[in-house]
Amino acid sequence: MVEVKLENLKKYFDNGRVKAVNDLNLTIRDGEFLVLLGPSGCGKTTTLRMISGLEEPTGGKIWFGDRDVTYLPPKDRNISMVFQSYAVWPHMKVYDNIAFPLKVKKYPENEIRERVKWAAELLQIGELLDRYPAQLSGGQRQRVAVARAIVVEPEVLLMDEPLSNLDAKLRVTMRAEIKKLQTKLKVTTVYVTHDQVEAMTMGDRIAVMNKGHLLQVGPPTEVYLKPNSIFVATFIGAPEMNMMEVSVKETEAGIALEGEGFMLPLPSDLGELLRNHINKTVILGIRPEHMTIEGVSTLEHVKRAAKIEGVVDFIEALGTDTIVHTMIGGKIVKIKLPGHIPIPIGEKVKIIVDLDNIHVFDRDTEKAII
Amino acid sequence: MAKKVSKYVPYLLVAPALIYLGIFIGYPMIEGIKLVFYENGGFSLATVHRAINNYYFWPALRNTLSLVVIIVPTQLILALIFALAMNKVFKGRNIALTLLIIPMTLSDIAAGLIWYSILSPSGFMNKLLINLGLIHTPIQLFGYQFHTREFIMLVFVELWRSTVTIFVIVLAGLQMISQEYIEAAEVFGAGYWTRLRRIIIPLLKPSIQTALLLRTIYAFSIFGIVWVLVGRDIPVLAGEAYYQVTQIKDYGVGAFYALLIAIMSLTIGIIYLRLTKAEYLEVRR
Amino acid sequence: MNEKTMYELRKIGFYTFIFIIVVWMGIPLIVSTLYAFGLPDEYYNPHRIIPFHFTLKTVKMLLFTLGGWDALKNSVIVATLAIIISFILGLPAGYSIARFIFPGKDTIKLGMLALKIFPVPIMAVPLVMLYIRLHLIDTRLGVALAHSAGALPLVVLITASIFAGTSAELEEAGMVFGLTRFQSFLKITLPLALPGLAAAAMFTFVGSWNEVFAASVLTFSHRTLPALMLTLMQTAPDYYKFAAAFIMAFPAMIYVAVARKYLISMWGIALK
C-alpha cells in the first residue's frame, strides 16, 4: 500500500479553454478511503484519470510514496480501477475478466485460479464465473468489475461512481459492502461520487470539489459540521442548509444578526468573531436539523438556543421525519423534525435555533466566518 | 372488420418485395439450371461437358480462387492497420481518410484504368524510373507472356481498390467499441499489443467476419478490373461467363459459370456463418 | 529523455506511414487526371513524366463522339430507376418488419440477410433469356430492374433498422390524435427516418452506377458508363483510357469529398 500525493495538479483541455482541474493539492493517506465529492462536471473523473495515468496532467506532480508517477503509463503504476460503466469486457467470461489483470502480469496458472476464486467468493459471484457479462444483471456486473479491480491487490484502488448505475436499494447494500471490503483489504482508495450520502457513509475523509477546485478536505463529520464555504455547506446535507441574508448589528445585549422579520442575538464568543463585519451583510446558514419548533419537539444536546417567529407554510411528511416549511419574513426556512408532526398550515410558531450549529459566511468570498 | 384486415397488413407490405426477388433472383436460378441441364426436351450433361472442357475453364477457376485467397487475407491485414491508424486523432486525418475511401465509390473499371496510367509501358512509373536513371527500358507488365507480372499487378490494383470495403466496416466497428473497454485493459497492465490481441480484435470479430464474407463473395465475381487491364490473359470465371454470353452466345455455358459462382458464394456464406459465430453475441438474452 | 526519444520516433514512424497511405492513394488519382487532359504526344514522349500542355479534346471526343455522354445519362437514369423501384418495394417491407410481429418474419429477415451477400449481378446470365421474351433486353429499365433486385434486400434491411430506431410510440401518439396509421407514418415517422433513407438511396445509387457485369450482359446499345467503357477500352488508344478513367472517377471523387462524414458510419453499418 502507498500514500498518494497530488501536487499542484492541473488539467486543461482544448488548449486551456476548459480548465478541468486547477492546482489541486491533496494527500491520500496510506490505506485511506478518500471520497472525491462534487457535482457533475467539476473535474472528479479527470482527477481520477490523472491518478490512473490515463490522462496526462497539464502541470503538477503525482507521487505514489516517494515514486514520481506523473508521466508513467497506467500499466507501470500498480493501480486498479472500477469504471462508471464497469467496462466488463463482453467477449470474456466472468472468470477471464477477473483473471485478466493476473494474466497480463504473468502470474502462474494455479495462482491465477486461486486468486480469481478468492476474489469471486469475496464478492459472492463464485457461481457466475462461467457466464458472459451479457447474462448478468447490472449489480452482478458491478461485482465483477470490483472483483477484477481487487484481484491483483493493487497499491491504489480507483473507483469512478461505481454505484451510480444501480437501483436505489442495491446501491445501499453495495455501499456497505465496498466499504467493508476496503477496510479488510486496507488498500489506498480514491472513490469518486456526486452523491453526498455515499460520501458521508463511506469516506474516511471527503474531498469536496467544485469547478476544478478543491474546496475542503476532512472527515465526514467535520465537512458536515464545519463547512468552510457556502458551496460545501449547501452541497452536503439534505434538505439543504437554509441560507439567509442578514446584517450584523451591535445592540446593548451584544452582537446580533438582523434578518428580514427576525433578530438573532448571538452569545458573546460568536459575536466577537463578527466584530469586523458590523453593519455589513453576511450569509447566515442553519441546517434544517439544527432547528425545532417550540412545544412540538425538542433538540437534544442544545446548550445555547435562540427563538425566532415564523408561520407554517407547508408540511412534507416523510414518515420517519417531517420537513416543516416555515415562512420567516417572506422567506421559506425548512425545519426537519423527527417523527410525524401534525401542525396546521398557517399556524404561528416559535422556532428554536441551536446557536452552536449556526454558520455565517462572507457574502463576497463565500468563505465561512463562523 | 378492420381487425381482420390488419392481420394481413404485415404480409401485404412484405409481399411485393418477396415476389419481386422471386422473379429476379429465384426465376433466373431456375432458368439457369434449365439452361445448363436441359437440352432438346430432356436432361442432358452436354452443356456441362462443354463448359468444363473449355480450354479456359480450369485456368479461370484456378485464377479466381487464387485471387481470392491472396487478396482477401492481405487486405484484411491492411484494412486493420489502416483502421487502427485512422481511429487516432492526428493532423491531416481528414485528407488521409478522404483519399482512403475514394475507391469505395469508384467502379472497378475506373480503378483499372486509373492504374493503367501509372503502369502502362509509357505510363508514369516507367517514365519516372527511366528519367531517374534507375532503368533503361520500360518495365513491361502487359501481354500474355508476362502472365505472372499481370497477376501480381491485378492483386496490387485490386488491393488498392477494394481494401476500403473492409476498412470502412472495421473502422465503423472500431468507433463503436467503448473507449472504456480499452482503457480498462490499460489500467490493468496491458500494453498496446495485449490490448490489440485480447480486447480490440475480439471485440471487432463481428465486423471482421462480415467484412471478410462480403469481400470473399465480391471477389468470386471479380471481372471488370481483370477485363480492362489484362483481358483474357488471365481468365476468371465471371469474365468467361461474360465472354460466353456476349461473344459466343453460348448461354448454357455462360449460365453454368454464373451458377458456379453463385454456388461457391452461397457455400462460403454458410461456412463463414457456421465457423465464426461470436459466442458472446449469441448468448444475449 | 529516452522515453521522449522513443515517443518522437514513434510519432515520426506514424506520420511516415500516413504519408505512404496518402501517396499510395493519391498519386494514381492525380496522375490519371493529368493524363486525361494531357496531349497524346506528351504521353508518348518518354521525357515528359507529367504532361505540360493540356487539351479537352480526348475527353470531349469520348463524351460526344464515342457515346460517353449518352452512357453517362443512361447510368444516371438506371441508377435513379433502381432507387425508385427498390424503395417502392423495400420501404413497406422494411416498415412491416420493423413494426409488426408476425409468423415468418424471422425467416424473411434471414432470407434478406442471405440475399444481401448473394452476387445478384451474376444472375444476369440466365436473365437474358427471360429479358428477350419480355422485350426488356437492351433497355435501361431492364438493367434498372436487375440492379434494384440486387439492392432490394439491403434497402429492406436498412429501412427496417431505421424504422426500428424511430419510435413506434411517436407514431401511435399520432394515431391517438386521429391520424390513420398511414397518415401517421407520412407525417411523423418518415421525416425522422429521412437521413437514414437518404443514405440507403446513395448506397443503391453508387452500387448501380458502378455495376458492370449485369449492365454489360443485358445491353448492347443502351450502355451504362462502365459497360460502355468496358467494351470501348479493349481497343482504344491509351490516352482514351485515361479520359475514361477521369469521366468515371470525377463524380466519385466529388461525391466522397462532399459526403465523407456520412460515408464511413453509414456504409460501415449498411454493409454489416
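Note that the chains are named A, B and C in the order they appear, and that numbering of residues resets to 1 at the start of each chain.
Just so it is clear, a residue touches a chain if its C-beta (ideal position, glycine included) is under 8 Å from a C-beta of that chain, and two chains touch if they have at least 3 such contacts.
Quantities reported herein were computed from a predicted structural model and do not represent experimental measurements.
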Graph class of chain-chain contacts, one of line, ring, star, complete, other: line
Chain whose average C-alpha position is farthest from chain C's own: A
Chain A and chain C: spacing of chain centres that average the CA atoms, whole Å: 56
Centre-to-centre distance between chain C and chain B (centres being mean Cα positions), rounded to whole Å: 15
Per-residue multi-chain contacts in chain B, two or more chains: none
Chain A residues touching chain B - in the complex, by the definition given at the top: 52-54, 73-75, 79-81, 83-85, 87, 89-92, 100-101, 104-105, 132-135, 148, 152, 158
Residues of chain C defined as touching chain B within the complex: 14-15, 17-18, 21-22, 24-29, 31-32, 35, 43-44, 46-50, 88-90, 92-93, 95-97, 100, 102, 105, 108, 114-115, 117-130, 145-146, 148-149, 152-153, 156, 206, 209-213, 216-217, 220, 225-226, 229-230, 233-234, 238, 241-242, 244-245, 248-249, 252-253, 255-257, 260, 263-265, 267-269, 271-272
Of chain B, residues touching chain C in the complex: 9-11, 13-14, 16-18, 20-21, 23-25, 27-29, 31-32, 35, 82, 85, 88, 90, 92, 94-110, 113-118, 120, 122, 124, 127-128, 130-131, 160, 165, 168-169, 171-173, 175, 206-207, 210-211, 213-214, 217-218, 220-221, 223-224, 227-228, 231, 238, 241-242, 245-246, 251, 254-255, 257-259, 261-262, 265-266, 269
Contacting residues of chain B [partner chain A, same complex]: 178, 180-181, 183-191, 194, 198-199, 202-203, 205, 278-280, 283-285
